[in-house]
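Two complexes come next, and they have one chain in common, chain A, joined by chain B in the first and chain C in the second.
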Partner chain A sequence: MTAASPAQSRPRQRGAAALVRHARRYWQLWVMAAPAIAFVAVFAYVPMYGLQLAFREFDFSAGLTGGEFVGLKYFQQFFDSPQFWTLIRNTVVISLTTLVAGFVAPIALALIVNQVVGRTRKKFLQTATYLPHFISIVVIVGMLQVFLSPSSGLITRVAEFFGVTGVNFLGSSTFVSVYVISEVWQHCGWNSIIYLAALASVDTQLYEAARIDGAGRFTIIRHIDVPALVPTMIVLLILNMGNVLNTGFEKIFLMQNPLNLGVSEVIATYVYKIGILSNQFSYGTAIGLFNTLINFTFLVVTNQVAKRVSNTSLW
Partner chain B sequence: MMRLSFLRTRSPGDIAFTIGLVIVCAVILFVTLYPIYFVMIASISDATMVATGRVWVWPQNISLFGYEQILEDGRIWTGYRNTIIYTVVGTAVNLLVTLPAAYALSRREFRPRRVLMFFFAFTMFFNGGLIPMYLLLRDLSLLDNWLVFILPSAVNVYNLIIARAFFENSLPEELYEAATIDGATYFQFFARMAVPLSMAIISVIGLYYLVQHWNDFFTGLVFVRTYDKQPLQIVLRDILISNQAFSGGAGGSGGSGGGSYAQQYADQIKYGVIVVSTLPVIILYPFMQRYFEKGVMIGSVKG
Partner chain C sequence: MSRAGQFRRRAVPALAALTVGALALAACSGGGDGDGDGGGGGGDGTLQILALKHPLTGAMADMAWVGQIEEAAGVTIEWEEVSADWDQKKPTMLAAGDIPDLIVGTNAITNGDLATFNGLFEDLSDDLESLPNVTGMFEAVPATESMATQPEGEIFSLPSYRRFWPETGTRQFINQQWLDNLGLEQPTTWDELHEVLLAFKTQDANGNGDPNDEIPMDWAPVGETGFGLFQPTVLLGSMGMPISDGGGAGYFVEDGEVKNFLIDERYRDLIAFLHELYADGLISQDVMTQDYSAYQSVARGEGDTARVGFTWGWAGSDRVGAQLVGQYSALPPLRADESMSEADLTWSYDSYMLNYGVNSITMSAQSDNKEAALAVINAFYDQDISLEVLWGDFDENITKVDDTSYEVLPPTDETVDPSTWKWTTTLADNGPGWIRDDIDVVLPSDLAEAVEQSQPLEAAIANVDPDADIFPGQLIKMSQEDLNTISINNTAVFTIAMQRWATWITEGGVESGWDGYVAEVGGSGLAQNIEIHQSYYDEFSSSQG
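So, the complex of A and B:
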C-alpha cells in the first residue's frame, strides 16, 4: 500500500456507498427487470459471442465457441464459391423489390382510405385490409400454391381468360413478382395503420384554408397529406433498410421448388441448408455473419443520412 | 370523419373524384377479401366443380369430403393440441417476463434504464444468427424439447418497448407519488396500480405474443425433430405444401397430377385445412382488431 491509497479510496468508498444506496432503493426494480435481462443475455448475447465460430474450425467438444482459429478462411470460401454472386443477386433483387413495393403501397393505401368520408366506412375498409396480416406464412404459401396451380388454380384460370396461357406462376420467371405481390397483399393494410394515424392528426384548419384558396382534392393530398407523412416515412425507411438483406426466410423457403431454385435461393435459406442440414457449422456462421454485417451497415448509413437530411433518426 | 364533410361540395371534379375513389376502394376490398372468401366456398363445394372453374360466387354441390378427411386424420389434432399448449404457456411466460421489466424501465428515476434500453434495443438490429443459436440450444438440451417454443422467445424487444412507452406516458406520476406517501413499494405499486390500470396494453402485447406463437413455423422446422412435438404450422406445411398423403389415401397427388382425380381431392383437402387452421384467427379478429391498432399507435410514440 502506498501513501496515496487513503486519498484514492475515498471516492471508491463513496462509490461503494452510492452502490449500496442504489441497491437499497432500487433492488425491486432490478428484480423485476432481471428475468428479461437474463433471457436476452442468454438467447441474444450468447449467440453473438458464438459468432467467433465464423473464424474458427468447428469442434464438437468445444461447442459454441469453436476450436482452432482459422481467420477469414470461411469468408474466403464463401466469396470464392460459385454460389456467391447468385445468392447476392437473388437476395438483393427480392429484398429491394419487397422494400420498395412494401414501402410505397401502405402510403398509397393510407392516402386512399383517408379520403373516404364517414367513420364507419373508413374503419371497415381499414379493418378489412389488414385482416390478411394475421394469416400464417404456411397458409399464405399454401393458398398461393392452390391458386397458382398450373392445372386448376384460380389465378391461373383468370390469367387464361385474359389470354396468358402456359405460365407456371410458381416457376422461376414469375417467382419474384409472386413473392412481392403476396407480401404487399398480406401486409399493406397493417403497415398503413401508422400512416393513417399520422393523417388523423393533421390540423383540420389546414384543409379548410386550402379549400378556401381553391385547392382541389389532389392538390390537398399532395401539399397537406403527403408532407404530414414524411417523418413517419423516414423512420420506417430506416428500419426497413436495416433489413435489406433479411429476406423472409420462412416464406421463401416454403415457396422454393426445383423449378425456381435458381432465383429463389437467398442467403438465409442457404445458411439453413449449409449449417443445419449439412452440418457445416463454421461455414454457415460465416455466411450468416456476413449477412448481418451488411444489414447493420445499411441501417447505420441510412440513419446517418436521414439525420443529415431531415433531422429525423432512430438515435 | 366529420372533419372532411366540408369538402363535400358538388363540382364536377369532385364528383369524378368520388366516383374514382369508390371504384378504387371496391377493387381494394375485392382483392383483399375474395381470396379468403373463395377458400371458404371452395372448401365446401364439390371438388370437380372447383377444379373445372364453376365455383365463383356461391358454393356448388355442397360436399364436406375435405372436412371428413381432415377429421379422420390425427396429425392435425395433435398439431392443434401442441400449438394450443405452446401458445398458452408461451404467452403467459411472455407477459410475466415482459411486463415487470417494462415497468422497471419506465421509471424515470431508475438511472440504469438508459443502458438497459440499449442492451435490449441492440438485439433488434444485430444478432448471432442461426447457427450459433442452434448450437446454443443444443448445448442447453433444448433441441427437440418443447421448451424451445417457450424460452428463446420469452422476450420480444418490440413488445417490451411498447409496454414501457405505455407505462411511461399513461400512468400519472401523481398516482405514484401518492402511493409512495402511503408507503407502497415498487412491487406493490406495480401489482396494485400499474397492472390494473394497464389492461389495454396488456391485451395488446398479449395478443401480439399469441399470434406470434400461433403462427410460429420456424422453431418447429429448425429445432424439433419428433413429430409428436410439432406444432400445427408444421403439420400444415406437410399437408399444404409437401403434399403428404392423408390417412384416407387421398391427398397425395404426387405433384403434377395435371387436373387428375387425385389432384382435385388433394386441393379439396387443402381448402379445408386452410379454413380449419385459420378459422380461430378469423373468428377472434373482430374482437381483437381494436387492440391491434392501439398497439401500433402506442408503438409509434418515439421512446
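So, the complex of A and C:
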C-alpha cells in the first residue's frame, strides 16, 4: 500500500514532525484502511495469545492462560502417536496433488479460453467453467456420492461400459483422485480469471508482430502468453505453498467413510476429532501450531527461491 | 478553485471511509451482543434452559407441560433450542464458560465434559433435599444413582429412566413373503442364511419379473468411531459373545476379564463370513458408503414390491415402512454353525442405553436463580410431567385414566407414524424424567411393536448377564486423564479397525491380514485402553460386592 512508504521521495524528517506530516497528508487512506487493520488485529493477532495453550495443560477452572506449563509435552505426544506418519503422509499426498493439479489446470484453461474466437462463445465458456465454484461443499459431496455410488452411480455405470468393473470410487484406492479431480473441476474456472486478466493486458502489438514474423498459434502461446503469466503464476504459487498442509477440512470430512479412512484421515480432520469433539484443546492446539509452522516454513522457503530464481516475490 | 470546493473534495472520501468503518464495527459488535447475556439468566424470575431437540420437534412454547413446570417452579423459562450441530457448538460454549442455567438433553453434556470443565457445573449432591423426586428415583432405581454419581461423590448431571423400552435396540427381520415365494424355511444358522440369501439373489424373490433388483442383505451405516444399532455386530452373538449397545467401542467382559472384540477371533470369523456373502453379491454394494437416509429409503421398496430380504432395524414399520411390514417376520438369533447350542446364543444388550438416558439434565454452577433451577429439575422428575415430556401433553397425546394408569394415544395426524409423532410433539427420549415402575401405561403402538418383535430374541438376551458379561460404561465414571487417553487411542484404533472392517468385508483378506492387524491396533493404544477399562471394572465390581 502506498501509505506505507510515504516519505521516500523527500529528505527524511525527524520522528514526530514526520509523523504529523504523514498523518496530515494521508489520514484519509488510514481511515479507509482502519476497518481492515482492526479486522486483522482482532481476528488474527489477538487470538494468537491462545497459542500458549499448546504449551499448557488446559484447565477450565484456571482459565485459558492459567493451566500448568508442560513445555513440549503435547508436541511429543503427537510425534510419538502411531497416527503421526499416517496423518503426515495423507495430508501431504492430498494437498500436494491438489496443489500441483490445481495450479496447472487454471493456467491451461486460461490459455484455452483466450484462444476461443468470438465474444459470446468466450463468455459462455468462461461462465460455464466458473459456475461450479459457487456450489456449496455439502452439495458437491452429495453429488459425488450419488454419481459414484457402486450400485447406481452414473459415473460407475459409464466406467463399467468401458470395462472398468468392481471399482468402488468412494473407497480408498481412488479417494485421492476423486478428491483432486472434483476439486480442480470445481475451482479451475474461478482460479483462471486472474490469469485471463493478465492475458488481457498483453499488448496486442506483440501478437501482430509475432504473426508477421510467421509465428503459429502454439509459438505465440509459448513465447508471448506464458511469459506474460509468469509473475502471476509465481505469486499464486508462493501463496499456495503457504497452505501446503492445509487440506480442505469440510470436503474431506464429509467424504470420509470406513472404506477410505486409511487415506482420508488428515491433520485437519484429526484435530477436529481430537481437539474439538473430545475436548483435548491443548493437544489440538499443539497439532494446529505444528501445522502452521510447517506451512510458514514452506511459504518463506518458496518465496526466497522465487526471489533468487525469477526476481518475483511477495516481499 | 474555491475553498468550499476544496473542502468538498476532501470530505467526500473521508466521510465514505468513516461510514465503512462504522458499518464494519457495528457488524462486529452486533455479532457479539447476540450471545453476550447467555450466562446465568436474568435473576428476575426467568430461567434460561438450553434444550437439545430432535430436528422434527416443534417449538418448546407449544408444549403444555412447559407451562406446568413454570408454574411448579414459579419462573418464566427462556428456551434456547438446539437441534443441529450440538457437537460443534458445545465445546466453544463450554470453553467460554458461558452456559445457560440448565442444559437438557440425553448425554448433551458427556462425562468427558464434566471432567474437563470442572467447576462449570453445579454439584447437586448437596442440593438433594430440594429434589425429592430425584431422591425418590435414586431409591426406586438404584442404577440411576450410580449413573449420576462421580467417583468423588459429586452429582453434576442426572439421568432419565424410561422403563418400558425393550432390552435391545436391534431387531432382526427377514422377508417372509420372499421365503414363501421361493418355498424356503427361515434360516437358523449362518450356512442356511447364506443359502437363503443366494436364493433371494438368483431368483425373482419379490415376483416383479426382474430377478436382479433384490438386495438380499443390508445394514445400517457403520460410523468411523465404533459400532451401533442395526449393524452386523449382533451376529457376534451367534458365537456366544456378549455385546452391548450394538457393539460400541467393542468392550465386553468374559470371566471377569475385560476384552475387546476388535481383536477377538470370533470377530475375525464374522468378517470372514460377511466377506463370503459380499463376494457372492448378497450384501448391498452401497453398505459401506451409503448414509442412514439412503439405507432407510431403499428398504421401503416401491409400492408393494420389497427390495431388501434380510436386515436389522428398530421395529418393522420403522425399518421397511407400514406398507411392507406385513411381508417381514422377526427372526430369532442365528447360530454360527451346527455345533453351537441354542442355549449359548446371545444378542446385543442395550437396556442401559435405551431405558436410561445418561446426563439428561445439567445445571450451571453460576446460575443466579438456583432455587428456581432446582425446582425445575424436580418438576421434570414429577410422575405426570415425566410422562408428558416423554410422550406429549395430557388429553392431546396421553389420557390420564386415574392416578396410576395412563394411556398413550395414537397420533392425531393419521399420516404420521407413532414413533415419529412423539418426536414432533415433545422432547421425547431427549428429556429428563422418571417413569415410575408402579404405574400402568398403555404403550403407543410403535413401542408395543418393538417389544413384540423382540420376543424371538428374548432367550438370547437373557443369556447376557448385565452384571458379569458387559462393560457397564454408563455406570462407571473415569478420570479426565483416562478419558483423554482413551479418546486419543480410540481415534487411532478405529481409524485402522474401521478401514480394515470395510476392506476385509468388501475385498477379503482377513485371514492373512489378521495377525498383523491385531498387533497394529494393540500397539495403537487398544492394549492400554483395555488395561484402563480393566482397572475401572475391577474397582466397580468390588464396590458392587
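Note that in this section the second predicted complex is superposed on the first by the 270 of 315 C-alpha atoms of A that agree within 3 Å, B and C clash if a C-alpha of one lies under 4 Å from a C-alpha of the other, contacts with A are read in each partner's own complex, and residues count from 1 in each chain.
Definition applied: contacts are C-beta pairs under 8 Å (C-beta built on N, C-alpha and C of every residue); 3 or more make two chains touch, one makes a residue touch a chain.
Keep in mind that what you see is a predicted model, and the values were worked out from it rather than measured.
Bringing the complexes onto one copy of chain A puts chain B in a clash with chain C.
Contacts of A:F75 after superposition on the shared chain: neither chain B nor chain C is touched. Contacts of A:F298 after superposition on the shared chain: neither chain B nor chain C is touched. Contact with chain C, but none with chain B, is seen for A:S172 once the two complexes are overlaid on the shared chain.
In the superposition on chain A, contact is made by A:F281 with both chain B and chain C. Contacts of A:Y270 after superposition: chain C is touched, whereas chain B is not reached. In the superposed model, A:P35 makes contact with both chain B and chain C. Once the two complexes are laid over each other on the shared chain, residue contacts for A:T86 go to chain C alone; chain B is not touched. After overlaying the two complexes on the shared chain, residue contacts for A:G50 are found with chain B alone; chain C is out of touch.
A simple residue count on chain A separates chain B from chain C, and the partner touching more is B. Once the two complexes are laid over each other on the shared chain, residue contacts for A:F103 go to neither chain B nor chain C. When both complexes are aligned on chain A, the segment of chain B among 55-63, 91-99, 109-117 or 199-207 whose C-alpha atoms clash with chain C is 91-99. Touched by chain B in one complex and by chain C in the other are residues 28, 32, 35, 39, 42, 145, 149-152, 276, 281 of chain A. Those residues of chain C whose C-beta lies close enough to touch chain A in the complex are 10, 13-14, 16-18, 20-21, 24-25, 28, 87-88, 91, 94-95, 97, 112-113, 116-120, 221-225, 284-286, 288-291, 483-484, 487-488, 491-492, 495-496, 498-499, 501-503, 506, 523-525. If you check the complex, the residues on chain A that touch chain C are 27-28, 31-32, 34-35, 38-39, 42, 58-61, 77, 81-83, 86, 145, 149-152, 168, 170-172, 256-262, 265, 270, 273-274, 276-281, 283.
Against chain B, the residues of chain A that register as touching in their complex are 22, 26, 28-30, 32-33, 35-37, 39-40, 42-51, 53, 63-64, 109, 112-113, 115-119, 122, 125, 127-132, 134-139, 141-143, 145-147, 149-152, 154, 157, 185, 189-190, 193-194, 197, 200, 204, 207-208, 211, 216-218, 232, 235, 242, 249-250, 253-254, 268, 271-272, 275-276, 281, 284-285, 288-289, 291-292, 295-296, 299. Here chain B touches chain A in the complex through residues 1-8, 13-14, 17, 21, 24-25, 28-29, 31-33, 35-36, 38-39, 50-53, 96-98, 100-101, 103-105, 107, 110-111, 116, 119-120, 123, 125-136, 138-139, 151-152, 154-155, 157, 160, 185-187, 190, 211, 214-215, 217-218, 221-222, 233, 236-237, 240-241, 256-259, 263-264, 267, 270-271, 273-274, 277-278, 281-282, 285-286, 289, 292-293, 296-297, 300, 302, going by the rule given at the top.
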